[in-house]
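Below is one structure, written out as structure tokens; the observations come after it.
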Amino acid sequence: MTAAASTLDYRALARARLPHFLFEYIDGGSYAEVTLQRNVTDLAEVALRQRVMTDVSAIDLSTELFGQRLAMPVALAPVGLAGMNARRGEVQAARAAQAAGVPFCLSTVSVCPLAEVAAAAAPFWFQLYMIRDRAFMIDLIDQARAAGCSALVFTVDMPVPGSRYRDLRSGLAGAAGIAGSLRRAWQAARRPGWAWDVGLQGRPHHLGNVAPVLGSNSGLEDFLGWMRNNFDPTVTWRDLEFVRSRWDGPLIVKGILDPDDARLAADHGADGIIVSNHGGRQLDGVLSSAKALPPIADAVGGRVTVLADSGVRSGLDVVRMLALGADGVLLGRAWAYALAAAGEQGVRHMLGLIEVEMRVAMALTGCTNIPAITRDILA
Amino acid sequence: MTAAASTLDYRALARARLPHFLFEYIDGGSYAEVTLQRNVTDLAEVALRQRVMTDVSAIDLSTELFGQRLAMPVALAPVGLAGMNARRGEVQAARAAQAAGVPFCLSTVSVCPLAEVAAAAAPFWFQLYMIRDRAFMIDLIDQARAAGCSALVFTVDMPVPGSRYRDLRSGLAGAAGIAGSLRRAWQAARRPGWAWDVGLQGRPHHLGNVAPVLGSNSGLEDFLGWMRNNFDPTVTWRDLEFVRSRWDGPLIVKGILDPDDARLAADHGADGIIVSNHGGRQLDGVLSSAKALPPIADAVGGRVTVLADSGVRSGLDVVRMLALGADGVLLGRAWAYALAAAGEQGVRHMLGLIEVEMRVAMALTGCTNIPAITRDILA
Amino acid sequence: MTAAASTLDYRALARARLPHFLFEYIDGGSYAEVTLQRNVTDLAEVALRQRVMTDVSAIDLSTELFGQRLAMPVALAPVGLAGMNARRGEVQAARAAQAAGVPFCLSTVSVCPLAEVAAAAAPFWFQLYMIRDRAFMIDLIDQARAAGCSALVFTVDMPVPGSRYRDLRSGLAGAAGIAGSLRRAWQAARRPGWAWDVGLQGRPHHLGNVAPVLGSNSGLEDFLGWMRNNFDPTVTWRDLEFVRSRWDGPLIVKGILDPDDARLAADHGADGIIVSNHGGRQLDGVLSSAKALPPIADAVGGRVTVLADSGVRSGLDVVRMLALGADGVLLGRAWAYALAAAGEQGVRHMLGLIEVEMRVAMALTGCTNIPAITRDILA
Amino acid sequence: MTAAASTLDYRALARARLPHFLFEYIDGGSYAEVTLQRNVTDLAEVALRQRVMTDVSAIDLSTELFGQRLAMPVALAPVGLAGMNARRGEVQAARAAQAAGVPFCLSTVSVCPLAEVAAAAAPFWFQLYMIRDRAFMIDLIDQARAAGCSALVFTVDMPVPGSRYRDLRSGLAGAAGIAGSLRRAWQAARRPGWAWDVGLQGRPHHLGNVAPVLGSNSGLEDFLGWMRNNFDPTVTWRDLEFVRSRWDGPLIVKGILDPDDARLAADHGADGIIVSNHGGRQLDGVLSSAKALPPIADAVGGRVTVLADSGVRSGLDVVRMLALGADGVLLGRAWAYALAAAGEQGVRHMLGLIEVEMRVAMALTGCTNIPAITRDILA
């Protein structure tokens, strides 16, 4: 393949460039990967209603989310360890998002720390996990404020981490100590392009935001262990109020699949929610976002901003999610693949594809602006 | 394979004879090709009701469409660039259609110009795209009249071209300049039969109808570019009236998938419509024609002639479309494959297969003429 | 494979032993083979209701059909050209059926003529096609009477033969004259076991019942041509009365898929009907027998004997058909495969498998005799 | 693969270690294996309802079944011949179950006899088939009592054994005498690890509990024959009363798929039932347990303890079965694979995986204890 025509092409390119365990980490889902597949197939089954002969010469994709004007209702979802996909990967992705006029969301477990990204790109969103050590959480929120983050995304669907069989098989997880390191080193050696560009020159490879509390044990091999030990399963809606009290800006709760939880999020001060099953990486067997979204939009649409992710692979999928009730859509793997394949340029190009595809979908459903995309365009 | 027993056999033969990028161009659909597949699977699921012991010795396939007597209710759909499939391909196909007693429809973006086809075959249909340059459009309509075209097919589902990933992958699109030319030349070199017969002896390879306005830039590589720049996304139903005012003969609107649009087409002077999703090549995710057709036939059947295409691969499929409400059925890829595989003879033979298959389907559903094919024969 | 555990195993063995064109002839269906597959998948989806702790030590499979006591409600369906599968194949199959206590039905287009089978085995059924030459038909009926046939099966779903793409591809059909002969000879040469045993020693290979009227042109290559020319598409229910008037014994109409046709068959003197789509070999796209059967059984059950075939591959499938409303079930490909694989012994063994499987299905649905198998055992 | 991440990984490891015929014996189902597949796909389709922000730091998996406190509501299903999977396999599995705090159920047709298992592990369940020789049955019940078994599992879905095509193909069944022995020996020779560890050192390989009545004919090759001859198809609910009268402890009827049978089991003195289709190994075509369970739980839940098995491959599946109405869940192939792959350690590890997966599923559906798992957590 010389050039990527779609996010699936970027997936193929990423597979060719990344060491096996990293590709599997991005690509995989939890358990039998039922939800991972449902995300994609349920979206594909959402049928659009074609309309013709409406003047679609001027299509406006711009939208406003949380007081921010965006070139299109799309954002880059938080992806942990993205800095392993390309040299200082989060910085590259943030720059690409800035160029495209859409928000980038930095993960708690990024390679590049908040300050590094802030130094290189426009204001971005920061994703926060509930961590046992509340002092550390407060510190992270303060850092996010200092970095000028424009929204805080509070992820609630990981009180405990789901099991991803592929990570165990690839050697990312489970194979502790030297054995695991050797295995990953071997896989990296078979990808010399990556090994030189990212493996060597992209260092350090620790969790940038977590390194301060982890000390020297902040290498990749400590990532999953740290998550297992420090993610807080006692979290309740009270804790959202705690976060709310510490953060003035837009607060978005990520990982909602149930209308009741959507209402509770609104009740406890969220400005937005993200209908998401974590890209099929947490509880396998839950509904796809495409199926979960409509009743949630009915329940809280208007009260809070409703975003959605999981399974979105094209601009058509973005339009489908908007038609199902979302105000905006996040891309996860789509940008992780593009970043791995071609760095900042890859992410920019991929966002360009998404935009063109949205334009075609809007033109042929007779929508000239984002608010026109409603359930009425579903067949 | 020595002989083709079905359109799928012709597909295999076409794949073996055409340079890769040309086969992919014919075969592919847009985006994830969901609609491309739905077209075929939804038709296959239409179950027929077998009836026995009715005298079916005399089966009459003839029908009248737009005042024209046809040997069977079938026409060859407009297929752009068909002249690349065989030497002066559109002429060969038009002759085959004439021999079979069915209409051939020439695309705006054909290789052979209107006059060349008119010189070689009986009156045919001409397909028109909405083009920014209205003077050029008027000129095309005038040429069609001069060529004696028996109907004008106005395609409305391409205000913007959908993205076909395969064209980008194969090098037909995207790979501009010398790189792209070399790549295509290489693919052509691996198909010496085609290279000699069509590549060399079938020249010139420009867009025959468009060449006058394109000047020297009318080669294959300019095709997609020209479409992107000259197709008119401002088009509305008013523009149909503009076309109507310039054309006395039968006017058929191609690319209708919605009952409301069908009604609008009728309101604005169309004599017929074609229920079509452009063979799954425009907005991926829209309904298959088999699903879209019945409510449209209910809405405007009787008022205008209702044709249908997309996914038809056999005479059984033709009968299915008729049973779902169509007055006539267009074949797209079916004839493009046959033309690529075996030229005029291939198209004639393929139309013969369609006829025999229709006869069997009619005999075993107890229909001895076309009007007898109604929803009543669906199980 | 050393021994066959199921009809699918016999299929594999048949494929290994038969020349390609013969295997394809047995195995294939018409057109896209949609109905061929539906037959099998629709049956597989018929869910059985397991019952336990009912005394199932004494299970009686015997049944009475048309005044004949059968070991089980199963018969061997008419299969044209079965004599090509094994040396004097129809004789071998008839003997196997006799040994198993079930009827064998000889096809009009068998290799062995009526008299040859009659000389070797107990009374069997004879299948008759509607043939243009009425005198010849009368003669066939007379021969059947002379041979002591116990029932006449009148096949009505072949007023015109459906197109089987595989036959065209394999060279059985379409490749006329020497080219076709050579091609088939080559395929036969690659199966020396068959070539010696059946190809050489199983001669003559003409259509035994038709040979008298065909003269010297009664070879395999003339088979399809003869059918195309001599099958009578003018046939109506009046013609059934004609057959009825010539035949005193049980008269069974084969190829009914519609309740209205079932009623008409009863009205015109049929004693039984066979719900059948000819094993997916005639009109592709019609309902599977499993789907067509229940409303037909509701319409005429009790008035006429209702048999069914198409898709039956195991004793479980037999029980499913009985539960859906059939009084008896015919096996088509099941015995053709077994005959090809292992001759008379193969068919006997296959019928033994069917019997054991029926016993298990009956034991676990709590049925100790055939009348107990009703829709009540469906889950 | 270095370590197993899931039961499917254990399946792969088992396939690599076991002689072909043994793997096929465990892995296969009866007939076309429709139910075998339904078991897995129907469970996968059971969608869970994710809930967030409920304190899930303390999750209690413990439960009480038949007066016994269990670490989790899981048990090891009776698996015949498990002693062929690993050296003295049933002993190893019983120890693993004990370590994990869940019941092990010994099959009537185990390799290790009751006494051998009793000597090595804590009280376990014993599974009993209805055997023609009532004196022998009474003797087995007495032995179970003497071994201190904590429950008697009475299997009712095998009045006759279903046919497993794979066993016939692999040579386990059907190939009698020396031919069969040689074939199995050859397959064993290709698995030297197994041949040495289990084949040689794991002897004797007879049916431990049945050996006394079989005399010298108690080898593997006699297994299926013995079952065919000694299983009792006359069994009725009266016989359950007979068993009931001989056994004071908990009595569980295994193999119920119908609400009426569930009621009858309760009426005749059962303390519990197991909704099961024998892992798709008996009547192919019956409902999956996932589909059969809810109406049965509605019918007798509360009156008797409702257990379920068939198709359970993960802790998520366990939670699904509980949500569908089960009080406890049995694992069949899951432990047989793990035992074959890695002996006692394998089974312990597999049970550990199940536990962790249950915890994740409960955490993300907001359940902190087993009673909280109701249909309310289904989406």
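By letter and in written order, the chains are A, B, C and D; residue numbering begins at 1 in each of them.
Assume contacts are C-beta pairs under 8 Å (C-beta built on N, C-alpha and C of every residue); 3 or more make two chains touch, one makes a residue touch a chain.
Treat the numbers as computed from the prediction; the structure is a model and nothing was measured.
Chain A and chain B touch with mostly distinct residues; of the residue numbers seen at this interface, under half occur in both copies.
The angle needed to superpose chain B on chain C by their Cα atoms is 90 degrees, rounded to the nearest 5. The greatest centre-to-centre distance from chain B, using averaged C-alpha positions, is reached by D. Put simply, the C-alpha centre of chain A and that of chain B have 42 angstrom between them.
Between the CA-based centres of chain A and chain C the separation comes to 59 Å, rounded to the whole angstrom. Shared interface positions of chain A, i.e. residues touching 2 or more other chains, are not present. If touching chains are joined by edges, the resulting network of the protein chains shown is one closed cycle, each chain touching exactly two neighbours.
Across the assembly, chains come into contact as A-B, A-D, B-C, C-D.
Within the complex, the chain C residues that touch chain B are 31-32, 34, 156-157, 159-163, 165, 168-169, 171, 174-175, 232-237, 239-240, 255-258, 260-261, 264, 277, 282-287, 292.
Residues of chain D that touch chain A in their complex: 1-3, 5-6, 8-9, 44, 46-57, 313-314, 316, 320, 353, 356-357, 359-361, 363-365, 379.
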